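Consider the two complexes below, in which chain A is the common component and chain B and chain C are the respective partners.
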Partner chain A sequence: MAFLDALLNGLTLGGMYALVAMGLTLQYGVARIMNLSYGEFLIAAAFATYWLFQLHAINPLLALFLVVPVAFALNWLIYQVLLNPLVKRSRTRGELEVNSILATFGLLFVIQGLVLLLFGSNYFSYTYINTVVMLAGSPLAMDRLLAVGFAVVIGALLYLALMRTRPGTALRAVSVDPRAAQLVGINVRAASAMAFALGGGLVAASGVLVSMFTTFNASMGVVFTMKALIVVIMGGAGNLLGALAAGLILGLAESFVSTYVAPGLTLAVTFALFLLVLLVRPTGMMGRAEA
Partner chain B sequence: MTLPRHFTRAALGLCVAVSLAASPLWAGEVPETIRIGYAVSDTGPYAGGAGTTITPNYKLWVHEVNEAGGIRIGDRQVPIEVVAYDDRSSSEEAVRAVERLINQDEVHFVLPPWGTALNLAVAPVLHRAGYPHLAVTAVSNHQENLMSRWPRIFFFLSMSSHYAEGIVDMLTELRDSGEIEGRVAMVNVADQFGIELANAARERLDAAGFEVVYNQAYPPGTQDMQSIINSARQRDPEAFLAFSYPPETIAITDQAQTLGFNPPLFYTAVGTAFPLYKSRFGDNVEGVIGIGGVESDSEAMMQYIERHTEVIGQAPDLWASAPTYASLQVLQQAIERAGSIDHETVVAEMENGTFETVLGEITLDGRVYWEGWQVGQWQDGMFRAIAPMDRDGASELLLPKPDWR
Partner chain C sequence: MMARSEIAGALLLCAGIAFFALLPGYVGGYGLSMAINFLMFAILATAWALFSGPTGYVSLATVAFFGIGAYSMAVLGETLPWAAVIAISATIAFVIALLVGLSTLRLRGVYFVIFSFGLAELIRQLVNWYESTHAGSVGRYVFLDISQQQIVWQLTAVLALVLIVGWLIGRSRVGFALRMIGDDETVALHCGINITLIKVMVFALSATFMAVVGAILAPRWTYLDPSIAFNPNISFQVLIMALLGGARRLYGPILGVIPMVLLFEYLSANFPHLFSVLLGITFLAIVYLVPNGVAGLYDTYRRKWRERGVAQPAREGSA
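Right after this comes the complex of A and B.
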């Protein structure tokens, strides 16, 4: 049953990639902040979960309800204090992107330093759920399935919120054209802060879920930032469905290549797909042309 | 304009080279404190390895030496003073930090960074400045070549092939005694260490007539091992060998456990001996085989584990931690015997002496510690050394590995 194994594994892996990338697509797509410290927030959430679970016996799924709101508030604050001055100063989107890259690059070291100070540089890992679900004869790890389940739920809720509610529409309007959005009475600053904070909440959620089945240390944030960046740019910045599709495609591709070709080529196939999409559609699979 | 600039640069380089080659001003005197410098990876991809194996031992050693009053030079006890930097897991940064330690901080001895890559990166700097280099966590098959290039470098973990040899010889013995038939699946991390180990193992397995049913490499940092585990499982191997690094060692074990892959011999490389591994998998570690191992009857070793746990707050890695600590004991005893901090004299002592360490009585024959354990196995909560099987202190192999719980 190699095929089914590869398919299911690819789906869970892809779901995880999509989950990790969803926050960044909001931060980059709407708030136009190219957040290089994205992965650090994920790792920080993973450590927070570890700490809550090991020392306070609060299970990771409960931790979700603690960590996510805190991350949301913290990211909102970061946007208001650190990033808003940059937004005001930057005349164009391009300028804001460069400025935000520099600022969040600094933030990366601050967060990493704090985690190092609190937890040291060791690897961390814990066991929460390690049951197996049999799906048509293929074993699947429960913790991964759970993460994917959450990814789907969070993705769907977010999608509905963005498409069906007024604040969601405002966010989308800002993502399309901040100036025109202002003309119709949307508070761009508040909307951007909201998008950034939402993205922060999402990355914290993925940190909590990912920590259930990966080994992490204080320095691993950049791995997640890279993966999220690839998924976001491939899917089209600011497009949730694009992130979901790109995540799934990458996950499936990696899984099939690993099963049928060679595990050594998973990275190569990721970048080959990435390049291919960029060559054919420079704004990503579901991205629209720049205004 | 090009010529003069090149010329100045060359002249400058020459000056630096000359000043580096000259022995430091302080050689020969007894200082107030012995300044020990190190640059290890507090951040970056190597931080996990360094934070488990290297830094705790440096801290423990300095703590213990200073608690005892210091290192005895002649009739004086000289305490240690530490200068430490973060090399951020980057070769350039490591080289810069070591140069700074030598030239600016003027430390008397430099302790090595973690891992083969960084040790090889700083080796030329230490060599030029005439410093001894205890390349403890460097494992390379080009050891001999490196030793002839850098006459003050010492190795403690032997070569990659040493470990491949250990596990393959063990498998050969098991096959010859009829306990296994000889189907082996192997995977390795695609970096120097993993490739060297896997190539050495593959060669020996082929030569011994084993059937290698699965042999693949994966990129460093891979966390998703399900497809590898599934592919290996479908080929029903008797031995599964993963020449892996710590995060993947955890991922492989974790996913083998969830996917119910339990071959009679389950081997993962770096990280199997880490305290994290035990705390992560609890009773499920029983029977897992890996690189390293400690002699469980050795009192010196058990005391070391106890002290490490007490002072640092975490247990040591049961492969490279003890050799790291032993290398520091060697350095200390060599300084004491030399009665000075002069590098040449200390190196001569290290090359020729016999040292009392946590590994027992050791010599660095040809600037290498050859006696390290090749294979260990988790048994009753301790990562016991099991190969070379015929050596004193080796524990009996537990076969087959018990089921995952």
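Right after this comes the complex of A and C.
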């Protein structure tokens, strides 16, 4: 039974990792912004959900429709005001990556500091749904299952939007080659801003969902940023299916290691897998090739 | 011209050493603690820039090596003589940096940042895991008979050493190769430079200095646990300071350390709750306003000033 528990736990964990990473793969893959403050937006959204639920009795699934648009607008603004000057200043892609790392680094501290100021450094959690379902003899928390369900829906919608619509195709074109995209009449700046804002909306959505079943505190953002970065790089930047596969692999590996080896070694496993993939395939599992 | 600036540098170095060597006789506990802060960050930032400055590989692993040093002193300090522990911590950091470097320095730019970002967390988790499962308790007490003054003297010596080593590297073939790697790695490779060897060796050297600083500072805390020794803020602060000062010059990082140590002191004393917000804003301001650091600004102004100096007689000649 321990095996089945670990498997189910790994799958739900992996699903969440994949969802958390999807926004970053848009921000990094399309807008070329290596966003180190990514996880802070997740934590901010989790706190916003907590605040809405505890003080205003707004249910977390409804909060999704409030928090996500706000995050989308905020991230669009951040791109236009804060990041676009860096895009103009940087001559090469590598330079932009380093500049964006430095700038979003500052942003990380600002957001984290604001959350600390508002909520303090304690751990927070709330109970929204408190039922347990049995799946083949293994107990699974309903809130967790619901979150993963939403993650699947959001992921599928995003995938369809990118693959089947014109704006989605434009985003993919920018991700492959910004210069050539410009030549076929795509407004790269607008597309990048859109991708960055979309990523911001996605990370806020995952923040709302994650807050339903975990305890969180103001300084946990970095952990999510790390996980998301590893998933994105393992899967191949800008590749949604790659992020899904890498997320599931990481979730399963962590779950099995903490069940059978030692719970203290999950990060070690994450890094070992990350290094292994990079050494074998430096462009990530799904590389540049379009899925 | 070059020689004159080098003599000036050597004189400044001697003056600095004399200043810190005599300082403990004149200031109290607060002054000593400020001096320790300054020396610690000066060494860490200079060591950081030794590797990351010329190559452009942004490393966030500073605290990983710093923590290794601090932990070695906490674990071995009471059983082995001080100098032996320093040597051991330096060796451990050197070997780990070699291994990490060999496996990750072939990763370009951003991958390296991410990995180094996580390396400190990884080592912290491993130490945590080991201490809780094998050693019994997570925290450790460091009761060593080492005073603040001795720490100041030890750090002064290390700072002098790291500056001398940096100066030697800068004027050697290794320094030239490093700058070339920073400009264009492929070109460097085609010129017959063994880029992996050079990158890994300099990375390991810089890690060694960081570990020694950690080992020297360990007695200052008396109580040490992984979250203190591997506090990620140290990596961030070192990066900010080196960037503010200018990482492409040997003396650059120190120019950044002086104002930043004063600023951090002021912020944490007066606005403890706003510390991280103000830190973030400072960081953003540096990235947007001083992209090449204080040393870069100085170079720009000197060039402008010189150009004006050259332009003057030319105008007189034409008139």
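Please note the rule applied: the second predicted complex is superposed on the first by the 288 of 291 C-alpha atoms of A that agree within 3 Å, B and C clash if a C-alpha of one lies under 4 Å from a C-alpha of the other, contacts with A are read in each partner's own complex, and residues count from 1 in each chain.
By our rule, a contact is a pair of C-beta atoms (placed from the backbone, for glycine too) under 8 Å apart; a residue touches a chain by one contact, two chains touch by 3 or more.
Since we're looking at a predicted model, the values are computed, not measured.
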item: Fit or clash between chain C and chain B when superposed on chain A; value: clash
item: First (chain B), second (chain C), both or neither touched by A:Leu160; value: neither
item: First (chain B), second (chain C), both or neither touched by A:Leu116; value: both
item: Which of chain B and chain C A:Thr259 touches, first, second, both or neither; value: first
item: Touching partner for A:Leu77 - first (chain B), second (chain C), both, neither; value: neither
item: Partner chain(s) touched by A:Ile233 [first = chain B, second = chain C, both, neither]; value: second
item: Which of chain B and chain C A:Ser125 touches, first, second, both or neither; value: first
item: Which superposed partner A:Pro139 touches (first chain B, second chain C, both, neither); value: first
item: First, second, both or neither for A:Leu267, with chain B first and chain C second; value: both
item: Residues on chain A lying within both footprints (that of chain B and that of chain C); value: 112, 116, 262, 264, 267
item: Complex interface listing, chain C residues touching chain A; value: 56, 58, 103-104, 106-111, 113-115, 117-119, 121-122, 125-126, 128-129, 132-133, 232, 236, 239, 243, 273-284, 287-288, 291
item: Chain A-touching residues of chain B, taken from the complex the two chains share; value: 41-45, 47-48, 50-52, 55, 89, 187, 190, 216-219, 221-224, 226-228, 230-231, 234, 246-247, 250-251, 254-255, 257-260, 271, 274, 276, 280-282, 314
item: Residue ranges of chain A in contact with chain C within the complex; value: 34, 36, 82, 85, 89, 94, 97-99, 101-103, 105-114, 116-117, 222, 226, 229-230, 233, 262, 264-265, 267-268, 271, 274-275, 278-279, 282
item: In the complex, chain A residues that touch chain B; value: 2, 5-6, 9, 12-13, 112, 116, 120-127, 130-132, 139, 141-142, 213-220, 223, 254-255, 258-259, 262-264, 266-267
